[in-house]
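In the two complexes that follow, chain A is the common piece, with chain B as its partner first and chain C second.
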Partner chain A sequence: MKMIKLFKLLIIAFMAIVGFGFTQQDTKADRLIGIWEPSNGKSRVKIEKIGTKYYGKIVWLKEPIDPTTKKPKLDKNNADESMRNLPLKGYRILKDFNYTENDEWSDGTIYDPENGTVYSCVINMKENSVISIRGYIGVKALGRTDSWKKVIVK
Partner chain B sequence: MVLKSLGKLILFLFLSFSVPIYAQIDTTKSQEGEEDYSIYENVESEGKIRVYCNPKIFDLSPNRFISVGYDYIVKSNLESTQKGAYLNGDQFNNPRTTSFVNHGLRINANLPVISKAKILWQIGGAYNKINFNETQKDPNLASHDQDELMRSLNQSGLTNSNLNTTVFKPLNEKRFIIFQGMGELNGNFGFSKNSNSPNLNTIKTSMSALYGKRPHDRLQWAVGLTRTYRGGELNYFPVIMYNYTSVNRKWGTEILFPGRASYRRKFNSRSILLAGYELEGSSYRLYNTNFINKNIELRRSELRLRLDYQRQLKGFVWVSIQAGMRYNVNYNIDSLGNSNKDFFRGFVGTQKYVMLNNLSLAPYFNVSLNLVSP
Partner chain C sequence: MKQYSLIILFLSFVFLSCNNKTSETVLTIDSLSIFAEGDLYEGSNTAQCEFASPLNAFLKEQSISIKNLESATVSECELSVADSTNLNVYSSISVQLTSEKEGMKNIAVLNPVPQNVNKVSIKTAENQENILELLKQNKIFAVADVNIKKDTAMNIDLKCKMKFKLKYKTKL
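For the complex of A and B:
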């Protein structure tokens, strides 16, 4: 009976340690969750966690109306014709980011609605309110970095 | 009983950790309608960040990281004087005409060293070859000084190799400066055993500095000064950049005057047509050439009037197909004498050429595959 109690205690202790580790890791990783604004100030992207990965969708556009059609902007440059009628607002442009370590989220992609192209992407957090987001082709050296600031809904 | 409970506990914990991993995620559909987006209109910044202007505007033809192309100039006639002392515009006495075809590989690379919102720094290099296939010589003249020039050109062709760097520094949300520098090693040299070897003392440097403004996403202009060999010989020009995209984003301009200017027609985000011109040129050292004078330089410059169709093939790989006319601006020969130092003639200099050449108008084609930048 004592052995069983000891065994139970060990299991609980083990789970507590593992659980604490997960929680700490999650807390660090979840700092990415929130509303972010690219350096050009023309859009806002809401990053959220779905499953274990991080995704970001456009939630605000400085110029939401297409000057040609006078209607809300659509994803008209998408390579997939069936997607071209979807509104840009609400469109997920960041996909599949995993928190690795050292304040970095990788393995994701970023979609540029300006040319309908998807780039590999890595996100680094410089401080809690600023992330550097780098889209690249194949290797990180062939890319471009932008700084996004965190904003809070009033 | 205890083991059973333990088993249930482990199963529960396992499932608790596993479920999120296997959750089905629809990552493509728009989320429009699922939430009220108006709440994101009024926000306050949590951090401070400076806003810098982007180096590009909407719909510019894509920047190229790596470009591999082939250039072909259909038969052109080269008319030359004998060796002597000539001013530009002097009459061609006793000229010789030879016809040839030019063709060659063109490889260019521009890779980012720093690519951030507050500074963009690229370094690049190029290798451009011009081979000569002589097709016809004027049979009425048995010997002419042009023979020596053609022997030099036929042997190794002309090689242009350069290293360059570009810095784009945004000053704020709307203003920016650009600096470009280039070192060129040009001449009738090659990499085979029997080819001439280039002399590093013949490196020529060009540079440009521009200051500009980007009032909005469809307009970018700049003014500056350049020291350039595009005219074939050293010269200094004012530079005007004017990149514009129309409101409906169907057309625009890409101008870096006097170097190049194009009207851009966008068919869609994956194909564009440019119609315009580019001034292309360099000064080439002619090694192992039996001219009386030493340190011979071929001043090559041409205006290429062209249509350039660019289209995405797949992902980041684009193809460019150019066709147009090559108009000769300069093909004269200078001697730098014993000093081996290049000189500035400008538009009014009185330094004399040792040979005048004139190339006829000729059609040309260029095809390239390009890895384009984000």
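For the complex of A and C:
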């Protein structure tokens, strides 16, 4: 009888440890969720979680109106012409990031609406309120890094 | 004699290889409820739902191997609102699909959203890559990115109907 009780206790303890591990991992990964501003200050990107991956979309533009059309800016450089009608505000520029470890989110892509190009991308968290975003083609060495600051919404 | 056997074997192989035809079918997903809880703020908001791929049921029903699948595209995407309100609150809507193993794909965009209607058919993307790979996943997420004209306390509750055109090989 004592053995059964002990066994049950061991199982509960094991489940608690495993559960705690998962929760801790999730909490670490979820620090990416929030609104971030690239260094040029022209836009703000909201990063959120869908399933187990992280995605970011433009939620604010410093200059939301296209000076030529006098209408909200569209994704006019999209390689797929049928998608050029999509407004830049709300556009999902960060896609498919998985939390690996050591404050790094990888396997994702970043879209540059200025030229309609999709780059491989890795995100590193320097501090809780600063991330470095590196877009690259092929190998990480061939790329560009930008620092984004977290925007505190009051 | 050995040469003849080899030729016959080769011709049989060629005949069997060419003995396939490509068939086409449409898989329909009805009444997906793409949902986000309010309050919603002016600008971009996300609504999502998870659904099971219709592919497994089709393969089982038709006794087709997954190896015989050739391609898939989203051929139709229709959105409607469940309650009596219409779509006037939205200025643009884009629909995307993603899964844990496959990347997110833009499949349809609507801008502007027609006024005073409860149902719209959205133009699907011309370039659709790896939709078949997406359908091979058990769980798929449908995501609607909607731009809202003004702050509102309502929820986003879009009913979505999607049709997938599937091409597969069958024996003659």
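In this section, the second predicted complex is superposed on the first by the 143 of 154 C-alpha atoms of A that agree within 3 Å, B and C clash if a C-alpha of one lies under 4 Å from a C-alpha of the other, contacts with A are read in each partner's own complex, and residues count from 1 in each chain.
Keep in mind that, in the parts below, a contact is a pair of C-beta atoms (placed from the backbone, for glycine too) under 8 Å apart; a residue touches a chain by one contact, two chains touch by 3 or more.
The shown structure was predicted, so the numbers you read here are calculated from the model rather than taken from an experiment.
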First, second, both or neither for A:L142, with chain B first and chain C second: first
Contacts of A:K57 with chain B and chain C, given as first, second, both or neither: both
Chain B versus chain C as contact partner of A:K89, first or second or both or neither: both
Touched partner set for A:S129, first chain B, second chain C, both or neither: first
Contacts of A:S39 with chain B and chain C, given as first, second, both or neither: first
Chain C versus chain B, contacts on chain A by residue: B
Partner chain in contact with A:E81 - chain B first, chain C second, else both or neither: second
Chain B and chain C footprints on chain A, overlapping residues: 46, 50-53, 55, 57, 59-60, 79, 83, 86-87, 89-92, 95-96
Of chain C, residues touching chain A in the complex: 43-44, 46, 48, 50, 91-92, 94, 96, 98-100, 103-104, 106, 109, 111, 123-127, 139, 141, 143, 145-147
Residues of chain A defined as touching chain C within the complex: 46, 48, 50-53, 55, 57-60, 74, 79-83, 85-87, 89-92, 95-96, 109
In the complex with chain A, residue positions of chain B that touch it: 2, 6, 9, 13, 17, 20-23, 25, 27-35, 37, 39-49, 51-52, 54, 58, 62, 65, 111-112, 115-117, 120, 247-249, 268-270, 315-316, 371, 373-374
Touching residues on chain A, where the partner in the complex is chain B: 4, 7-8, 11, 15, 22, 35, 37, 39-41, 44, 46, 50-53, 55, 57, 59-60, 67-68, 77, 79, 83, 86-87, 89-92, 95-96, 112, 114-117, 119, 127-130, 132, 135-137, 141-147, 149-154
